[in-house]
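So, here's a batch of structures to check.
The two complexes that follow have subunit A in common; it is paired with subunit B in the first and with subunit C in the second.
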Partner chain A sequence: MPKAKRNQLKNRAIIALLFTCILGFGAGAYGLVNVGLINGEKYKLKAESQQLSDTTVTALRGTIYDANMNVLAQSADAWKIWINPSKISSDEDRQTIAQELSTVLELDYDTVLEKCSRSDYAYVLIKSQVDYDSKTQIIEFRQSHKGYNQIIGTEEDVKRYYPYGKFASSVLGFTGSDDVGLSGLEYFYNDTLTGTQGRLVTAKNAKQIKMSSDYSAYYEAETGLNLQLTIDQVIQYYLDTALEEAVTLNNANYGYGIIMDVETGAILAMSTKPDFDANDPYKVADEVKATELEAIEDPDEKSKATSEARYSQWRNRSICDSYEPGSVYKCITAAAGLEEGVVTPDEMFNCTGSYEVLDRTFHCSHRAGHGVEDFTTSMMNSCNPIFIEVAQRLGADTFYKYFEAFGFAEKTGIDLPAESTPVADVTYHSRKRLNAVAMASSSFGQTFQASPIQIITAINAIANDGKLMQPYVVGSMLDSEGNKVFETKPIQKRQVISKETADILKVMMEKVVSGGTAKNAYVPGYRVAGKTGTSQKLTIGENIYIASFCGFAPADNPRISALIVVDEPKNGSITGGSVAGPVAAEVITNVMKYLNVEPQYTDDELAKLDVKTAKAVGKTVAEAKKELESTGFTVKVIGNGDTVAKQVPAAGQTLPKNGLVVLYTDKDAEPQTVIVPDLTGLTVAEANNTAIACGLNIRRVGYTSAANVTAYKQNVDSGSDAQMGTVITVSFRTEINEED
Partner chain B sequence: MATNVKKKRRINPALLAHGGMDIPFLCFVLALLTIGLIMMFSASYTYCYYNYGGDSLYYFKRQFFFAIVGIIAMFVASKFKVEIYKVAATPLLAVSYLLLVVVLFVSPPPGFEEFHRWITIPGITTFQPSEIAKLAIILYLAMHIGEHYKGINSNEIMQVRNFRMPVRTYCFLLYVAIVGVACVLVYLENHVSGTLLIFALGLMMMWFAGFDYRIFVIGIVLVVAAAVIVVLNPDILPAHAQPRILAWVDKDYDPRGVRWQTNNALYAIGSGGLFGVGLGNSKQKQLYVSEPQNDFIFSIVCEELGVIGAAVIIILFVLLVWRGFYIAIHTKDKFASLLAMGLSFQVGLQASLNIAVVTDVLPNTGISLPFFSYGGTSLMMLLFEMGLILGISRTANIKRS
Partner chain C sequence: MAYANRTEAVDMRKSNQYGSAAPKRAPQTAPKHAAPRPKVVKKTKAELRAEERRSASKAIKALAICAVFFTFIAFQIFSQVKVDELDRQIDSVNSEIEVVESENTRLSMEIDSTISLDKVDSYAQNVLGMVKVENYQVSYIDLSGGDAVIQSGGKVHQSLWETIKMYF
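What follows is the complex of A and B.
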């Protein structure tokens, strides 16, 4: 055999070996380097993205407190309930699950059943923000049925609770399902409240089960800060209640109001009515509106109308809306005139009922004219021609200077979202376009727009000795341990008028309340100062009004400013004096009492003051009767005993001087009841006499110092039963006809 | 006593091989076996935990048992002169044909209804007749080629019945028939990779036999052409194999289905990088790589030991194959030499194809990684085959230092 042949096997073996190693293992080695090194990072990232589950650890959203640390908004743990329809094998299971879930979670059975039927899906959300009890119930149900563990799942969630529902909802705003603030403070301070979300990065296997803890990393969540508002729950309550009543009483579209701390510009209360329940913001809270929406048949139209209604109820009109301030602006014109020395409070004017500027004739609300009057009286009368005259004396430059100084050409900068922005030559006359006619109408607050917050901020500057403050709602921020990490320092924007001018204005404005168009805002003892406004919404149509009052109290040392706006009153009275004045009086009375402001009565006021009932219980009937009758009360004794066992009204109640006190000698005697009469529309004396004739007392509230004052509401409905001697609160007001 | 019993049953010393076995080869085998067992344990424990009621050791215990039995089988096999296995060649081939036919009529395990690859002996084991067929073909061809080596490599003529033909032609046709029948039967199992392996083994044995190299050049050209045709027209393949080709060509094909296993293997290898995440720390074995203890175990090896660890294992395989061939080349006896080469090549072929599949160089086929993949019967058989090579090494003319 030749050598080549002899070594053939060996040669072929070597070729085979090389073939295997180079081609075979070479291919493997190439693949290894290619996948493991060259493209390694790419594959590694893909591996991590499927292995790592990045769970956000929600930092509980900060709490919102009122000025006295009452909780206004708070977050709590909640749960999401979801199902994996692909794991449901029978119709029977589908129905059982749909039945249980729809019952516990208060959902529509058919909707849930439909979700259970999406067998191509592995995750279908049934409901979010489910509370603990419902979640527990569902977990128990899940455990009691075999295999349901794979079908029904729960996930952590959070829910925002607003303990008082509608309370200041337009200021607080609300959060969405993802715990993000969508409006109001919740939106404006979202980052502050949210804090930093933590992350839990865990490795999970392909069945989404956690791998051992070696693979997990935890980044701690930082709880959001808590907000302490300047809003005081009690003051807010007074404002809310008064506005809500005013809207109903006047059949108005909206009522909005602001109470401000004079010295700091802090908002003590801010309300828009009707508003919404922050716990259920998507529900149209106005029942009439909701019924109207329900009636719309076309689904597109319905959803459009519903969404409009929602946006409308979410709107914080004290911030976002603007209107012509009307006569309230006369305070600013007066401030400018007095500061610049073009007019004095006692200067005499003659109102002829109209005033001509170039080719335009402006009328006074009192067409016949007020005749000869001093400047203070012209303000009390809200006399347009006099203010046009003052504006003319100032000239456009100076007039505009004060317009700007009082903040009517800029945002106030309040810490709330969507503040309406003044736009030159759209919402107000810029200096360039401020011709004589424009200035004339501007001098009494027309042909320009201002937002409620702008108006109260400007009036507050008068109350605050000429210092214009920047309004704010958040007083401080607290960490989770309650430490103050930030405190708002009041910001004085500028001194707009001197203290002397401010003092003169305070006196003038007090006179507007005590004897002018703002009579209804008068509160004995509390020296309210203010100005009413009645403006037509000329952009919408004639005879559509906004009635407002803006003022402060007490006039000599102002503590609070208040703005009350009733948007489109449609119940006869439309003037600021008639509609907004009484609301302001009610709110200011309550707030002054709450703030423990000592009333200062004039002699006149003291004479009319109600008397406190003496303590009769325990005394002999004769003794008690003598004592009570000596202060002017009528006494009625029920029973034959010698000593008084019970008295109605109780000791210490204030009654009109001729009020009725009922004494019982038997403690267990059946109380005598009477039917409450309708007192509305009556004068003070008529109402008092009617009440006493029926065996009842009245407590007078509101403006009662004039002859033509009439009752417009009572706190116990007519026709209902009441114990003899009961004190019924009756609110009075006078009709103000000046559409100022 | 015990010694007496042993003495009574003493095997005829003429049957036993003398001389020491090849220590390097033994070392390579034991090294691969040890690493393989550890990696099989590491790769399988999460899978077992979830599939065998929390028993993470389920596969390891079984594999370890078969490894012990396999090592005993290896040493026993290495004790005998390799010539005695010639006796078994023909019956084994017959049995393996029989099993390949039988398996077509055995109902497959649930979930694998289209694949007739396994025969289950209840309670004992499950095995693939194609595995036995591979050994049978190597053994038979080694025997037959060994006997006719001279005839094939000369112009010798032989008389078959009434025909006179060159020995070369006769053998060629015979081998083509033997390998062809096996290929057809395995193909009928719906087992393309098994068919290819048997085809490759047969072709290699015929290469060793010394047939004209041009035949093989033509053969390889045909195989490459066939491969290109298949890749361009996957629809000519059986239904189950088509998606695998499609998924190899289009890397975005059915990522949660056909490509899931390959993608996750690549993620594993990528995660491992150069140095690996450390033994036991693979995340991809956490149910991402499906059946990580089986065909794709190498991806877990790469993830835990890195490219370096994987390279060491590849080198160990190369060394094992080289040493197997080295032993074969230094063996005078043609049968023994061919057997050693055939078996060595088989290990090298399977290992290299497996690695190429795991790294997505080749389409996903069901080829296991010798010494690593889970499978008691096949590990035992592999160790027995290694025993055969060790037995051959005893008679090989190797200079020992």
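What follows is the complex of A and C.
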């Protein structure tokens, strides 16, 4: 080959090589620029998703404790059970799976079978928040059947436990399936309770298997903060029990109540009855309502009614509802009158039974009039005309000033959701529209509305020497180690009246309980002060009432304020004094004992106190009989022996002065039983005599000082058997017929 | 005799002395950078033995290095497998702990629900026949005066100064 030709070939080869190099490197360079710069983010994400496994670590929701660190709500891991119906190939498999899942998960077979039949779907949730035992059973079932691994699946879930079910459920609220608070404190403090989710990022190898911990990064989840409430489990229990009984006894629609710490405004108990089980909030807890819902045939109507029933049972009526406070508001009118010096406790008035303001005539609940009485007595009698007179003396400006100062024109600011918002000229009269007539009706708590929390906060200000406090439910927040990260400091909103005026009012309100319309709230030894209220629900109908009592104890050194509201009592009594008063007495007695407040009896109260039974066991029958009879007891001896072997009631128990003590001379003698009589409707003396005649004793609870006092409930059902000498607790009350 | 069959270092160019059957080509000019001809050095038997020993030793060393290298690799793989295995065990134990903690919470909640105040109250009154505490059963002690210690009679300890003062 000639040299020139060889050189030409060589040059061509070099050019071809250069071209190939340029093309190759150019393509490579372009690829690098494209991957690194132009579409860098996209490829980065793709690479990360291919090479990294990113798992969210769920943060556990904080726990809710009561004031004494008893758990009221706590979260724990649970599981979701799902199926892939597209992988179910035969009807036999479908039925087998539906049968097993419905049995283990306690679900309706037909519903599960229908879910199994959705062959177009790859994921159908069967049940969430399944516990460990059920999940294990389902996994065992899955493993025992070939091919079911691809059909039945489980995934992690969280479940919120409320150990005491209905306990304070309207305050605590509940969470949804995604562990998000939907109502009550769970909703209000959702962000605080939720915490921060964590992440586990792990490298994956070519086979998509997670690599060792050297190639992983773990960002720990932060558990939500725990809440320590001011609610005390024991006080809440007393309130719950008393309200539940009151709703049943009075055939009422609802009962709601609040117990507040006087000094701080902390809520010690808050209850709405009927309520719901927070573990199963979608179930209508009221059995009567549930039966009514079951009877509805039209599916749309049924769905709508069920939804309404659920919303109704979730409602915290102590916060969300408002009503006309009625005569309870007279305390505020009196406070304004005394503070402004337009009236004194001893000033004499004449109640003629009515009072005219412009063209309107307002009547007293006692139509004939109370006659001449001082201001304190007018409060004891809940005399409307006198309070209208005080309001007229104050004038609209001053009257409205105190209305506002006591917090009736604003929210209390309690840390609970959906607090009722006062709206000027809708729920109350604005200053502009507060004319003489509106002021007259407002002076005794009519024609405006207030929420229960507003009312107790205002009355609490009187108990707290005139200091209006902001109510609160959460006392502190704790981290997962139990360290306090936040503590609620009591907030005094303002001084609404002077301490001197508050002291005068305390005395007046105590007299309302000891001798006025709130007699049924009287508790011997504990100086209860308060005011009853009976208001009509005029928006619904004429003879529909709300009975209430709001007060505090002990009157001289108040520790707690209490509000009891019975909504639409339908069992005869409708007044606050008859319906709400006894409930308040029961709750206050229990709470005072629980708070270790020493009872201080007056001489009168001491004289009426029951007597302790002496120890008779071991003594001769004659000696024991003599000793017991000398203290006023009736003695019944069973057996022929000489020495007392057993006594019922036991030594130390208190009985009315003519109570019955049964002495057994044979320790192994069969206890004598008697049938418990019906004592309701009887006076104190009648109930005591009837019980003794049957071989039983009574323990008197409630107001027993007046002649017209009658028993309204007993703790042992009539007709049941009881051992001779047993003490039956009988509750008494006096009927307050006038709307108080 | 042992070395009689040994292959001697041979200059292959010498073999051309016997000629070739191929037609003779014109002599080519030697390339400019032709490799230098290797020197043929005749080694003694002792040198050859030493050389053989050296190469055997080298081979053993190489083998040993390889063995160490492969052992190291094997250990690495083994330890990696072990780490993976332990990681899996840790994950598994952590999962078990989580499950057990959840079960503990669930069971605690179940226990709490069985000892709620209403159930305790009902059981105490209806089954055990207990009655609620009455005021007369409670004794109230006033502690508003604060704590105080009353010392019984005995030797009173005095300070030195007080003892001296007593003499004056």
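Here is the rule we use: the second predicted complex is superposed on the first by the 661 of 740 C-alpha atoms of A that agree within 3 Å, B and C clash if a C-alpha of one lies under 4 Å from a C-alpha of the other, contacts with A are read in each partner's own complex, and residues count from 1 in each chain.
In this section, a contact is a pair of C-beta atoms (placed from the backbone, for glycine too) under 8 Å apart; a residue touches a chain by one contact, two chains touch by 3 or more.
Everything numeric in this text was worked out from a predicted model, so none of it was measured.
Judged by the touch definition given at the top, the superposed model places A:Thr20 against subunit B, while subunit C stays out of reach.
Contacts of A:Gln74 after superposition: subunit C is touched, whereas subunit B is not reached.
Of the two partner chains, subunit B is the only one touched by A:Leu32; subunit C is not.
With both structures placed on the common chain, the touch criterion links A:Lys432 to neither subunit B nor subunit C. In the superposition on chain A, contact of A:Gln51 is made with subunit B only, not with subunit C. Taken together, the two structures place residues 211, 214 of subunit A in contact with subunit B in one case and with subunit C in the other. Note for the complex: subunit A touches subunit B at residues 5, 8-10, 12-17, 20-21, 23-25, 27-37, 39-44, 46-48, 50-51, 203-207, 211, 214-215.
Note for the complex: subunit C touches subunit A at residues 80, 83-84, 87, 90, 98-99, 101-103, 105-106, 108-110, 112-113, 116-118, 121, 125, 131, 133-138, 140. Listed in rising order, the residues of subunit B touching subunit A in the complex are 46, 50, 149, 153, 204, 207-208, 210, 263-264, 266-274, 281, 283-284, 286-288, 302, 306-307, 310-311, 314, 317-318, 321-322, 325, 328-329, 334, 337, 341, 345, 348-349, 351-356, 358-362.
Touching subunit C in their complex are the following residues of subunit A: 71, 74-78, 131-132, 159, 161-165, 167, 211-214, 233-234, 237, 240-241, 525, 593, 596, 598-599, 612, 652-654, 715, 727.
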